[in-house]
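Step one of this worksheet: look at the structure below.
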Amino acid sequence: MNAPINSGDTAWVLISTALVLMMTPALAFFYGGMVRKKNILSTLNLSFVMMALIGVQWVLFGYSLAFGKSQGGLIGGLNYLGFANVGETPNTDYAPTIPHLAFAAYQMMFAVITPALISGAFVERVRFKAYVIFSLLWATLVYSPVAHWVWAVGGFIRNLGALDFAGGTVVHITAGLSALAFALAIRKRRHFGNTAFEPHNIPFTVLGAGLLWAGWFGFNGGSALAANGLAVQAIVNSNSAAAAAALVWMLIAWRENKPSVLGIVTGAVVGLVAITPAAGFVTPLSAMAIGAIAAPISYYAIKLRHKFGLDESLDVMACHGTGGLWGAIATGIFASKAINPAGADGLLYGNGQLLVAQILGAVIAGAFAFGVTFTLAKVLQATVGLSVDERSEEVGLDISEHGERAYA
Amino acid sequence: MKKIEAIFREEKLNDVKQALYNIGVYGMNVVEVRGHGRQGGIELIGRSGTYKVDLLPRIQMNIILSDHNLQKVIDTICEAARTGNKGDGIIFVYPVEDVIRIRTGERGKQALSYEGDIDTRKK
Amino acid sequence: MNAPINSGDTAWVLISTALVLMMTPALAFFYGGMVRKKNILSTLNLSFVMMALIGVQWVLFGYSLAFGKSQGGLIGGLNYLGFANVGETPNTDYAPTIPHLAFAAYQMMFAVITPALISGAFVERVRFKAYVIFSLLWATLVYSPVAHWVWAVGGFIRNLGALDFAGGTVVHITAGLSALAFALAIRKRRHFGNTAFEPHNIPFTVLGAGLLWAGWFGFNGGSALAANGLAVQAIVNSNSAAAAAALVWMLIAWRENKPSVLGIVTGAVVGLVAITPAAGFVTPLSAMAIGAIAAPISYYAIKLRHKFGLDESLDVMACHGTGGLWGAIATGIFASKAINPAGADGLLYGNGQLLVAQILGAVIAGAFAFGVTFTLAKVLQATVGLSVDERSEEVGLDISEHGERAYA
Amino acid sequence: MNAPINSGDTAWVLISTALVLMMTPALAFFYGGMVRKKNILSTLNLSFVMMALIGVQWVLFGYSLAFGKSQGGLIGGLNYLGFANVGETPNTDYAPTIPHLAFAAYQMMFAVITPALISGAFVERVRFKAYVIFSLLWATLVYSPVAHWVWAVGGFIRNLGALDFAGGTVVHITAGLSALAFALAIRKRRHFGNTAFEPHNIPFTVLGAGLLWAGWFGFNGGSALAANGLAVQAIVNSNSAAAAAALVWMLIAWRENKPSVLGIVTGAVVGLVAITPAAGFVTPLSAMAIGAIAAPISYYAIKLRHKFGLDESLDVMACHGTGGLWGAIATGIFASKAINPAGADGLLYGNGQLLVAQILGAVIAGAFAFGVTFTLAKVLQATVGLSVDERSEEVGLDISEHGERAYA
Amino acid sequence: MKKIEAIFREEKLNDVKQALYNIGVYGMNVVEVRGHGRQGGIELIGRSGTYKVDLLPRIQMNIILSDHNLQKVIDTICEAARTGNKGDGIIFVYPVEDVIRIRTGERGKQALSYEGDIDTRKK
Amino acid sequence: MKKIEAIFREEKLNDVKQALYNIGVYGMNVVEVRGHGRQGGIELIGRSGTYKVDLLPRIQMNIILSDHNLQKVIDTICEAARTGNKGDGIIFVYPVEDVIRIRTGERGKQALSYEGDIDTRKK
């Protein structure tokens, strides 16, 4: 007997799917505003093209590897290849009140945006060809497995008892650590360290941040997979964390100097990252605390990155990596069964075990993402080449990789 | 005839323009440049921390005018554009060999006359 | 016994929440396009930062002051501090079929955008510090009380029988009159009146207007607090009023001269403002009339403002203030119980009393907002200072207040 | 006895309405990025103003002509003038579980965007006055009739058995063929063929494409008129076709030269166009095939258009016309009753009849749109004048038609 | 050698450029300036009503050329850029002391020769 | 005093600027121009197929300097800006009649001195 489809839940998951889809172009603008004029189209495209590439990959086999029948908790089976057996009947393992296809489509949008997030590490010099190959492999070798471990029935990190409501580990930790690994493998931009790379259009970044914030309601709220109280909790928590993080970031910067708008919107995004794993497990006041603490962590992580002279260009590690790590830990501290009985209590509610599982899960996923990415990057470097030659870089990737000029 | 190239702070454009109108100088054109001089650069704020930029936005105002108005215009610009801080800018003077109005075909000084301008006023 | 949660209604209110949230960045761009290049980040931020500031304030105490247990019809009690007692169970006073938390979150977005609306009055010269303090106080001393008076059970304007479907009085009249008061308190921009301040990026304004129009479906449609016929009515009315107002604005401008695109999109926004209080009470044809009449009112109000030499820079009073006032009056004229039995009949349907209540409510709220704002502004002027010094203004607020340049 | 209203379905159709509304400003930016700086406001407005003009026209009589009681299968009757009789009760002919008004509002957004699509044919030289008159007449004489033929109960193309899930014929074929006809009637832009008209802001085009993609989930998904499995199918298919088309476009361009970002985003839009009629009738893998084949068709259609020296400026025919035609045919090939029992089987499933009906329907609608448009354009040319004079064109339409400059 | 600085309406760029190519003048560069002259300003339309702008967009085209081509180029530009309305613009002529090609190191007139240019054609 | 107008590829700005700082030349300003010369144009990629653009973006760097530094600066720019491909650009030299610092009122060579500059170093 099939569980009946609930139209309200379906409506909510569908619109959440659209919201999360929109986050990829939003990210494109968030990133694009921060690069130089000669690389804006290239940077926009590094995000945009994931909607195409992973949009195909996910249907063909990405979903099956992530959510197909578990092969020993390590990877999904091939039973959903080409969305076979993914139809209008619910998959009761994950979302008993909506069509299975809706779950698969919603999950697709997470798979799409994650490699796009990584692209911030190597903008303004990456070879487009290498990026296409890399992200296809990454989606297959990192994203699908980690999604399986953390979210799939039988996944081994899930079995550790680790919680990840909406992708703190699956999306942000993997993206952050992979960005770090890639940045260590690829050469720096010319003049990095000597010349300031001024963001060419900060309003684009603000636009991106505004759309990301709204989209995150679908990212975190939709992860309830139903239009219920839990979805509302997740949204309120997301907003609270974003607001608190933006405020705190502003205050830190103000004390030091002046509050840059780029900083304020970055703070908001960092807050959203940090609350992602916890969104459905904590109270709004805990969410505020999580956001408020995330801000200084990322703020100083960026400074540290500069100190190390590492050209991880748009600070994916500092924003998504450390934000995601803190979120995983914070879930272990602030989670409360009073909010979500399907979750667990955290340290603050007297249970230390969750925190251990959280850290374990985060470290395993992060280390795996780092290792595979570094290997992939090195192999690509030795074969197709990771970065364009210096002259092409100076001319700009818009011209050299795409034969275009953004503005005339 | 001379050409004045005055390079000064963006934010002074309105003041300089107004000062020139006041003395009857109407022919001019401006372009946004980025420059470097005695003022080394400025600090901008990034996501976290600051970074230095060494080419700063300036307005370059070009005025072609008769020799006898040169000093007065220079003085007017200097006064209107000065803040007293490093980076106020600089004025260059070049020789001009000829001027031609596209619409009327007027040449030379004739081409540089405007209704109610500095020369008319003197009379 | 609790009312059951309806998933369709919840989905609708959640997505409306996201839509209204998105209106704040949309407003940022609507405003940002109209200022000079050197103030674009500052202007964007005046809106954006409200998502952070009021996002925290509303959870901590703003909501409680607005919708907590009424203290004599004047202000809400402290029973919802920190969203205590605001959970997944419906609050049957306001929205019996959705989680109480969803109602609170939805209302938050209105509280966020209202002070952002006011910012149009003093862009390009306001001291950021003064603005942060002002808006925090304003949200607490003006927004929460007026929301309570108009919408809360027991609120005294509500008890007068005045109707405000989606915030004509609570949002637009308070914003407009506060903008007027603030503009009277703060100094003009340098060169105001002598030099034209050309909008630096009208496409941004068009983008903002487009997103505002879509967002308004959540603003007015979501105010039904359910995915029902009333929500649909509100959306159809909103669209009709916006369309009619934009058309009429275009025609007026055309007769006078040429139809500017800035005028057309402004007309659309004015139509949306005017229909806001009436959206759930009138027919689509009445909505068109309301929009069509709103256009000339605001059109000439802008001219008047110029005549007075008042630097209420982006015409918040002319667009939101007079638009909101006309909307309140129009509700008193066009409202029909045939459309919404929970409403009342207006003048056109033989009942003059509603009109009286409407005017009374609008005047009280407007006068209160004006008075408190003027006082706050004067106090801030005497203490932290309302505006930056003239040199900083000339340099531009992006550099002087935020240490940034928008474009490179 | 009335069918009961389903809140989930209503929520889904309402949010789809908002999404499709948003597609019009999205289109404005998609187009606006491709014109020269001096025509950006004009181009944005050609789309934006349709929200105003058709927003009024549809309520007054457009809807009635399209979906009013059929007059011999050719046109709707006047029973819905001014949205009379269009209320909160469902219209069981079309959408039995949502308010009739929701159906009418949702349909409005299609009527709004279709003439906006056509505007790509004649940007940078069209007289605004002529455009306003044209689009009003076009909506009345082409859009409403064709919508009636294809979608209305009793419509003669519908009776042929032709399928059009979300407007491949009604929207894209009519727009494409009308664009072609108009381009043949209006003069070319000055210097066309000698000078390159470089797109002035490709990021705007990417922004537009990103929002269009998300909006299309409402366009195609909403056409299920319920939050059910069919809506999900339509969304998954839309995404699959868009992704495949963008990828294939990229690969073609890459083999020829370099993959331009403008090409990639164009590919995505073309994929979305092609899947529109088929979205609710085919499998995701078929959808991928449809998108993949659409890409080269449009790619070479653009080349052909250049060869003919036709100034159909933004390739509405090549993208929407041929994309729509291919979509109609593809529906006849790939449709499967297994996906949608209310549909029909296509050639691939052993039924050739559907293909015949599809081609017939497409040809009739296309020829009709072409003929009426060409006639209208010629009449307008002889009366108010189709294009501005050459000097105004050189100055740019922003200044000459609207008295504005976009950027300062 | 001389430098021509021709300031004219934006919308005339294509026409002027084409006219110059036609007579074999290929070396040039252009920059967008905003200028003020006999044409006082223009009215733009705002949200409601109009406002006046007094710096209008113009193209400044710079051509460095040999003395003997000066008059022909001036005439060509004047013809292509003229509309007959106020605001058509103005041409300035300056002396040039030296020219150096970065790529080839050529100097002087030699540096100003282009394949198929006005001087080649004369022969 | 002379004015150098060096027109070169956008992407060389950093290199040229750095090379000039290295020899102690600090006073300069730059503006983005679009130019045409021996390099006819470039092909850009559109939606489908290519199209040709004939005005290419270049940086124009203006330096006003004393006569005795002229050759060294020209050499430095040439070296830093050269790629060897068509389109590398060109340098023009003009006479300058006067220079006035807005802030200090200094005139002539005095106005062209910068802390630690090429002339100080020579000593």
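Lettered A, B, C, D, E and F in written order, each chain numbered from 1.
In this section, contacts are C-beta pairs under 8 Å (C-beta built on N, C-alpha and C of every residue); 3 or more make two chains touch, one makes a residue touch a chain.
Note that the structure is predicted; figures quoted are calculated from it, not measured.
Asker: Shared touching chains for subunit D and subunit F?
Answerer: Common neighbours, subunit D/subunit F: A, E.
Asker: Looking at A-F and A-B, which pair shares more C-beta contacts?
Answerer: The comparison resolves to A-B.
Asker: Among D-F, B-C or A-F, where does the C-E interface recur, judging by over half of the contact pairs matching in residue number?
Answerer: Answer for C-E: the repeating interface is D-F.
Asker: Can you check how far apart subunit A and subunit D are, centre to centre, with Cα atoms defining each centre and the answer in Å?
Answerer: About 33 Å, centre to centre.
Asker: Can you work out the whole-Å distance between the CA centroids of subunit A and subunit E?
Answerer: Going by mean C-alpha positions, subunit A sits 52 Å from subunit E.
Asker: Out of subunit E, which residues touch more than one other chain, so two or more?
Answerer: If we look for residues of subunit E contacting two or more partner chains, we find 31, 44-45, 50, 83, 94-95.
Asker: Can you list every residue of subunit A that touches 2 or more other chains, as numbers and ranges?
Answerer: 6-9, 11-12, 15, 19, 198-199, 201, 227, 257-260, 262, 402-405
Asker: With touch defined as at the top, which chains are paired up in contact here?
Answerer: Applying the touch rule to all chain pairs gives A-B, A-C, A-D, A-F, B-C, B-E, B-F, C-D, C-E, D-E, D-F, E-F.
Asker: State the interface residues of subunit D toward subunit A in the complex, per the touch definition above.
Answerer: My answer: residues 6-9, 11-12, 15, 19, 36-37, 198-203, 206-207, 209-211, 213-214, 217-218, 221, 226-233, 235-236, 239-240, 242-244, 246-247, 250, 257-262, 264-265, 267-268, 283-285, 288.
Asker: Quick one: in the complex, what on subunit E touches subunit F?
Answerer: 3, 17, 26-31, 62, 64, 94-103, 105, 111, 114-115
Asker: Flag every residue of subunit A that touches subunit B in the complex, lowest number first.
Answerer: 196, 198-199, 253, 256-260, 262-263, 266, 298-300, 302-303, 306, 315
Asker: Which subunit B residues qualify as touching subunit C in the complex?
Answerer: Subunit B reaches subunit C through residues 9-12, 14, 18, 43-45, 50, 57, 83.
Asker: For subunit A, which residues count as touching subunit F in their complex?
Answerer: Listed in rising order, the residues are 38, 190-191, 194-195, 391, 394-396, 402-405.
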